[in-house]
Each structure stands twice: as C-alpha cells, then as structure tokens.
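Next come two complexes, and both contain chain A; in the first it sits with chain B, in the second with chain C.
Then we have the complex of A and B:
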C-alpha cells in the first residue's frame, strides 16, 4: 500500500471513530475510548525510538507531564484553546527529547534509559515546586462551557485525540518505509556497521528522539481538560510508562501495527478491568504480560501471527510461537 | 560559630551518614551493572521488598530490623541466582539483551511495586528498635543513631565485599568475568556460574539496604523509583564496578543533597542526583575512579 492510500485509509478510520462517538449515548464509552486512543499515541511514539532504533525510553511520564503541565499553565495564563496548546507542547517536548538525546544517546543505550528514568523524577520535582500550577496541591482546569459542533466536551476531546492518533500512526508508518526508517533499522541491528556504511547515526537518533518526545507531549496537552484536576503524584504515575513500554512489546515492535494492536488490547483490557476489578490489579496484569512477552514471545503478537504462516520458529529464541505452531500442526 | 556555618556543618555530617547508606543501596547495582553488565533497574524495588520484610518481622515478632536484613540475605541470594538463571536463559543466550532485558527488569520493578501496594497499601510503614529515637549532639551537629547505624553497617558491608572481590578466587573471577570471559574459562572458572553467584550477591545486598532504609525513614511501596536515578548516578560517578569509587560518589551525592535540602528545602533534593548523573555522563562516562 502506498503512503497516500494509507493516509486516506487512516483518515477514514478516524472519521468513522469520530462519527461513532457522536452517536454513542453513554458518554462513558467515549471517555474510555479516549483513554485507549491516548495510548495509541503514546505507544506509537515510544516505538519510534524504542522499536525502530532500539533505544529504550522509560520517561514517558516525563514527556506526557511536560505536555500536560505546559498546557495547564498556558491555559491558566493566556486562556489558549487546546488546538493551539497541542503544537506548543509538541515543540517543547521535542526539544526536551532532543536535549536528552544529545546529552546521553551518544553513549551506550542503557545510559539513555537510565537518564530517562531519572528525568521523570526531576520533572516531577520541578512541577511539585512550581506554585503557578498548584505545586503538590494540584490544579483545577475549567472546561469552556460552550463547545461548537460536537455538543459535549468529551466528544470534542475525543475528536482531538483521534486526530493525534491518526497523525502519529501515519508518521510511524511513513518513517518505517522511508530512507530515514531504513537508517534507524540499520542502527538498531548494528550501530557500528551502520556508521561504517555512511548512515548519519547521531543525527538520525536525535531526530527519532525528538519526534518520539514531541508526540508524547502532544498526547499530554489535552489531558488536563480530560481529567479537569491534575496533581503531580497521579500525573507521574508509573502506569503511563509501563503501558507505553508494554503495549509495543506485546503488540510487536518492528511495525507501526504492533503498538496499535498492543494499545487497543491492553487499553481496552484495563478499562474493562478497572470497572470490574480494581486499578491496581490491572496494572499488575500489564506488568506480568510485559515480562511474559519479553521472555516467551520477543516479537510480540505480530511475530506470533507471522510465525503461524511461515517456517517453524526456533523454540530457543521464540518459545511461545514455537509452541503455538506445534499445537496447530498436531491438531490438523 | 555562625549560624550558617553550624547549619552547613550539620548538613555535611548528615550528608556523609546518608551517603554511606546510599553506598549500600548502590553497591548491588555496582556489582550487577558495573561488573556483570546487567542493567538491573529492579534493584530499588528489591530494596523496598527488603524493607517490607523487615517491617513485617519487626511488627509481628519484634525482631531487630538489621538482624532481619542479615537473615534475609540468604533467600535474597537465592532469589538473585534464580533471576539470573531466567535472565541468562531468556536474554544473554539469545543475544537480545538490551531492550528486552531492560523491559524485563522494568516489568519486575513494576510487579514488585504494585504487589507491595496490593498487600500493604500506600501508607508509610516504620520499624521499632531501641536505636531509632536517640541522637548525640555536638554543638550544632547532631548525630542521630538511626543514621549512624546504617552508615557503619554500610561501611562494614562495603569493606567485606571489597575484601571478597580482591582476596578470594570467586571474587577475583567476578571482577574478571566482565573483562574477558574466554580468559576466565582458561583459568578454570565457568562464566555463567560465576555470574550467577555475583548476581546473587548483588540481590543479597538489597535485603540489607532495605533494612537500613526502613531504619532511616518510613517507607511506602513506590519509593524505590526515587532511588533509581540516585543509585545509577552514584554508580556512574563512582566509576562502573569500583566499590571504593561507589562509596566516595555516594558520600558526594549525599552531602550535595543534604546541603540542598538544608538551604533550599528538601523538595529540591531529588534533582541533585540527576544533575550529577548528567554531568557524569556528559563529562566523564568512565566515572571518577573508573578506567577510562
């Protein structure tokens, strides 16, 4: 499928989602669907750096929170509308991603990872000490009372998040099939060999880090309006990070489709379990799934699907896929 | 003596004491990450697990937290060997260590944290022991015994480990395994077995560090995360895999944080470690005492 056709298809899916949201009478479903779409953006953004280049970012919360709090602060100061806040948050977080990358990505990948973990602690420290946005007490956000076209404010937020989700999936897919994406894949497979073949390693990594950070920040900008009350402890919840890591790894990291599958599956599961059981238990399940998948199915659900059709996978490196294929063959 | 000088002196002393305790937290990472190349970011969560074990046994049977910490090193050692066996099987053997290995330990960190939250809730827990209340005062400087004991115990732990690594065959083999696996095999040591022992030791230190932590301050399950940046900052600053370096770096970070907390307020101190980490990574990734 060419990029043009893919963009058209993605937009159609987006339009269908928004149209459906306008006809749903129970607002809770729109609310839940927003949560899932937000994770489509976060997981896709994570995967641009984590899956395509192989640099693990454990600082999703930091980027999300920078987007969230910059939106909250600018809304309080200048009363800017969300469509203006989203690109501002994107630029800000893109710059943070670039700076983090510039400082640490030149070293071994693991230092970048540790720095991102530490980044979320530091951003949290700054926000806890920032009185303008309420410090540790938190801040209430007033939703504008009248919403043109969409009727309800939640439907309007859902529309914005759908646009973001479609945009990030399109970006991921365009990157994947471009020279840029091939360069990233070459870095992931063997950084030294890539550099030796003339791939501008540092520049590509930095661009990927900036795009990834920017998308995470943009996902955070509408969040204060969705939650209406934000405070540092819940804004820096490890749940955002663990989900944005688990979703691509469960779905499959080598294609744009993996994070989408992961986000839809795990996101829906969590919404259902939060209602049915409790929110701590569903996070525990995400953690357990993450560990199981990295050990037993390193290529995620996509890898499992592919191995069904192809040659028998190596049980040493891909135990779950090997098991599934054996079962399928023996049942035939 | 001026009031500011007194405050400064007090901040430096308590920084040194806390720094010694940071060294006990960081030494496990120094072994796992520095000597074995395993980025065990779940270590702080294991430390919290150690704290909660000390809490339970202290609350139920009135056992001394340090005694619990020492006793728990045995199950923690075996937990560590078990973890390493899983890690070796799933990642090292396949050669896909970095991303998935990190995700694996991150998953463990998360499971431990949420598990502790489900059992103990998010309340702060503390232990009782005769040495937790009192403190010695020397002019403006106070020496709380609850800080002195973890400091001394940490120093003992580091000296013990340093002797083990420099004087025994197994210890030297651990130091060697990261440098040259093949040469190690020629000397008659099995790399995987040596790494398993080393990783077991690294996790065993978590039970002691956990006991020290809950003596120093009340704990709650998600606290471990705040220490990840700090611990890795100390390891990087101290020079990967060097125990004396780890100790000195831990004291530097402890003093810097304590001075910040005294003069700018404690809510700013978490940012200090990150500053150190960034400076260390940018200026001298080999650390103060590492081989460049």
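Then we have the complex of A and C:
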C-alpha cells in the first residue's frame, strides 16, 4: 500500500470514529474511547524509539506530564485553545526528547532505560514544586463553555485525540517505509555495523527521540481538559509508563500496527475492567500479560501471526492474516 | 627490513596512518604504529592474538578514538571524522564476526550502505531501481542470488561471511579492511572467499587483509605487516617478512 493510500485510509477510519462518537448517546463510551486513543498515540510514539531503534524508554510519564502541565499552565496564563496548546506541547517535548537523547542516548541498553526513569523523577519533582500549577495540591481546569461544532466537550476532545492518533500512526508508518526507517532498523540490529555502512547513528537516534517525545507531549496537551483536575501523583502514574511499553510489546514492535493492536486490546480491556471489576486490577493484568508475551511470544501478536505455519496466508480465506504478513517490512 | 610504502609521498597513498597509539587504561594496545597503503594494494596484516590487529582496524575505521598519531585517507585528514563519515569517504570494513542486520532481508542489508554511504557521498545518486539492481548484482556476485528475500538468520556460516563482504563492498570502498574473513571456514570455503577478495582487488579496491591462515595470507598479500604486542615489527615483501627472525620469534614465542 502506498503512503498516499494509507493516509487516506487512516483519515477515513478517523472520520468514521468521530462520526460514530456523535451518535453515541452514552457519553461514557466516548470518554473511554478517548482513553484508548490516547494510548494509541503513546504506544505508537514509544515504539518509534523503543521498537524501531531498540531504545527502551521508561520516561513516558515525563513527556506526557510536560505536555499536560505546559497546557495547564498556558491555559491559566493566556487562555489558549487546545489546538494551539497541542503543537506547543509537541515542540516543548520534542526539545526535551532531543536534549534527553543528546545526554543519554550514547548509553546502551539498561543504562539508557535507567536514565529515562531518572528523567521522570526529575520532571515530577519539578512539577510538584511548581506553585503556579498548584504544586502537589493540583490544579483545576475550567473547560471553555462554548464548544466549536461538537455538541459536547468530551466529543470535541475525542475529535482532537482522533486527529492525534491518526497523525501519529501515519507518521509511524511513513517512517517505517522510509530511508530513515531503514536506518533506524539497521541501528537497532547493530549500531557499529550501521555506522560502518554510512548510517549517521547519533543523528538518526536523536531525530527518533525528538519525534517520539513530541508525540507523547502532544497526547498530554488535551489531558487536563479531559480530567478537569490534575495533580502530580496521578499525572505521573506508573500506568502510563507500563502501558506504553506493554502495548507495543504485546502487539509487536517492528511495525506501526503492533502498538495500535496492543493499545486497542489492552486499553479496551483496562476500561472494561475498571467498570466491571476495579481500577486497581488494571496494572496487575497488564503486568501478567506482559510477562506471558515476553516469554511465549516475544515478537507480539504480529509475530505470532507471521510465524503461523511459516507460509503466506491465502488472502481469499484469511484476509486479515494476509494483510498482516504483507505489512512486514519490505523495500518494495 | 625495507619499508617500501613509507618511501612514497603522501599523495601516492590511499591510507597514511602515522604514529597510531591506543591505550586501554594502563594497557598500551597500539604503540606508535605506522601503516601506509597504496591504491589498489593487497596488504596482509598478521600478528598473534592480542597483538592489536582489530584495535588498529577499529582506529582506522573510526570505531575507536586514537590516543595519538594521525590518519589520512585519500589525501584527507580523517582523525576527527566518525565511522559513518569514513565509510562515506570510501573506507569500508568487514567485521571479524559477521554483523548482519538481522531483521532486514539480504537485499535490504545491502540497501543500507547503498543509501547511506554511496548516495550520501555526493555526485551520483542511485534511484530506487538502481539500488535494487546494484544490491541484486552484488549478492549474485557473492553467490547469494538465490536468497535475496531471506533473512540473515537463514544463512550458513560461509554465506554469512559472504554477506558481510557484500555489504562492505556495497559502500563502494576504495580501501577495504577485511578483518579475519576466513576464520572458521573449511579449506574449500577459504579458497572461495579468497577468490572473491582477489576479484574485488582486480577492480582496483585496495585491501587490508587481516588473517591467521598463513596459506591464505601468503597467497593474497603483496606486502606483509606484522604486529606484535601493539608494535609493528616487520613491513615488507611477504617472503622476507616470514623469514625475519623477530617474526619467527614472535610466532614461536621466543
């Protein structure tokens, strides 16, 4: 599928989602779907650095919170609309991603991961002590009373998150098929050999870190308006970090489709469990699933499908599996 | 021992490394090593294990920073260039243990150097079709034409070595540093890879051939350099070098 056709298809899916949200009478479903789409953005963003380049980032909450708090602060100060806050959060978090990358990305493996964890702690400490946004007391966000076009504010937020989700999936897919994406794959497989083949390793890693950080930050910008009250402890919830790592791993990390599958699957499951059982059982289930997948299916659901039988599925009898197999990285 | 190459002026050399020194903590891995290579030359580099051959390769190709000395390549100082920039200039290397890109098909393994080294060099720009044609052609030359879409994990050890060389050649180097391309191969496989390296050299690619198999070294090299404990102890015609007392001493442990 060419990039143009993919973008068209992704936009159609987005339009269908938004249209569906306008006809749903129970607002809870839109509220829950927003949550799932937010994870589509976070998991896709995580995967650009974690999956494509192989640098495991445990700092998702740092980027999400910078996006969230920059939006909250700018809303309080200048009363800017969300569509303006989103790109600002993106630029800010892209810069933080670049800086973090510059300082830490020469570290390999577990050392890089520890450094990203440290970033979360630093950002959390900073925000907890930032009085303008309420410090540890938190801050209330007044939703604007006039909602453009959409009937309810939640539907409007859902529309924004759909745009972000479509955009991040398109970005991930375009990267995957590009020369840039092949360079990232080479780095993931062997940095020294990549450099010996002319790949500017450091520069490519920094660009990936900046894009990944920017997308995470943008996902955070509408969040204060969704929650209406934010405070550091829940903003830095472990759930964001664990989920954004678990979702791509469960779905499969080498393709744009993996994080989407993981986010929809785990995100929906967590929403259902929150309603049906309890909100505290969420992380436990994600953790158990993560362990099962890491042991039994390290290449995620996509890897499982691809390895089934070893031969190409027949598009006539099994169109989904056939599509997944042809979605495998290829230079064609 | 005469040192032919150092008599040549800098402009006649494709590689001119002088006084290369590398320390790891208190351990001196390379001590003031000079190495010069003429365009199209076949230079054998030998030495016992731990003598600094791979360290020298890493210093020349930019994977390690040197602690002293200077390196110029094709008349240009490359001391401050990182390894990807050296690859783009035409300094290619193959690794002692093959390091293929495991998640990419054989075609895409070669696509990386074609896109990132050849196309980034300036001058000619290969189109998507030309990249495909060139990588297919190279894999064919190295006897991997039937496995274009396979992953490196499907290859045998000798095929992996061929892929390693093919990928190094895809950078279109003027000097190839081949680090023990023959280790662990059978007699006939050694001959096969040796023939490939000779064919590459015929096209004008200078080769630094690092090897332990003396039969192959003697068959391949026009000139032989011996490293022992980080120092160059001999440099000259292969026949003279292997008759040198210090070389014999180093190998027999006297």
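Some notes on this structure:
One rule holds for everything that comes next: the second predicted complex is superposed on the first by the 308 of 332 C-alpha atoms of A that agree within 3 Å, B and C clash if a C-alpha of one lies under 4 Å from a C-alpha of the other, contacts with A are read in each partner's own complex, and residues count from 1 in each chain.
Note that in this section contacts are C-beta pairs under 8 Å (C-beta built on N, C-alpha and C of every residue); 3 or more make two chains touch, one makes a residue touch a chain.
The shown structure was predicted, so the numbers you read here are calculated from the model rather than taken from an experiment.
After overlaying the two complexes on the shared chain, residue contacts for A:111 are found with chain B alone; chain C is out of touch. With both structures placed on the common chain, the touch criterion links A:199 to chain C but leaves chain B unconnected.
When both complexes are overlaid on chain A, the residue A:185 reaches chain C alone and has no touch with chain B. When the shared chain is aligned, no partner comes close enough to touch A:41: not chain B, not chain C. Once the two complexes are laid over each other on the shared chain, residue contacts for A:281 go to chain B alone; chain C is not touched.
In the superposition on chain A, contact of A:290 is made with chain B only, not with chain C.
Across the complex, chain C is touched by residues 179, 182-183, 185-186, 188-190, 192-202, 254, 329-331 of chain A. Listing the residues of chain A that touch chain B in their complex gives 50, 54, 56, 58, 103-104, 107, 109-111, 113-115, 117-119, 121-122, 124-126, 128-129, 136, 238, 242, 245-246, 249, 253, 280-281, 283-284, 286-288, 290-291, 294-295, 298, 316-317.
The touching residues of chain C, counted against chain A in their complex, run 61-63, 82-84, 87-88, 92-93, 95, 99-105, 107-108, 111-113, 115-118, 120, 132, 167-168, 170-171. Across the interface of their complex, chain A is touched by residues 39, 41, 86, 90, 93-94, 96, 98-100, 102-104, 106-108, 110-111, 113-115, 117-118, 222, 225-226, 228-229, 232-233, 236, 265, 267-268, 270-271, 273-274, 277-278, 281-282, 285 of chain B.
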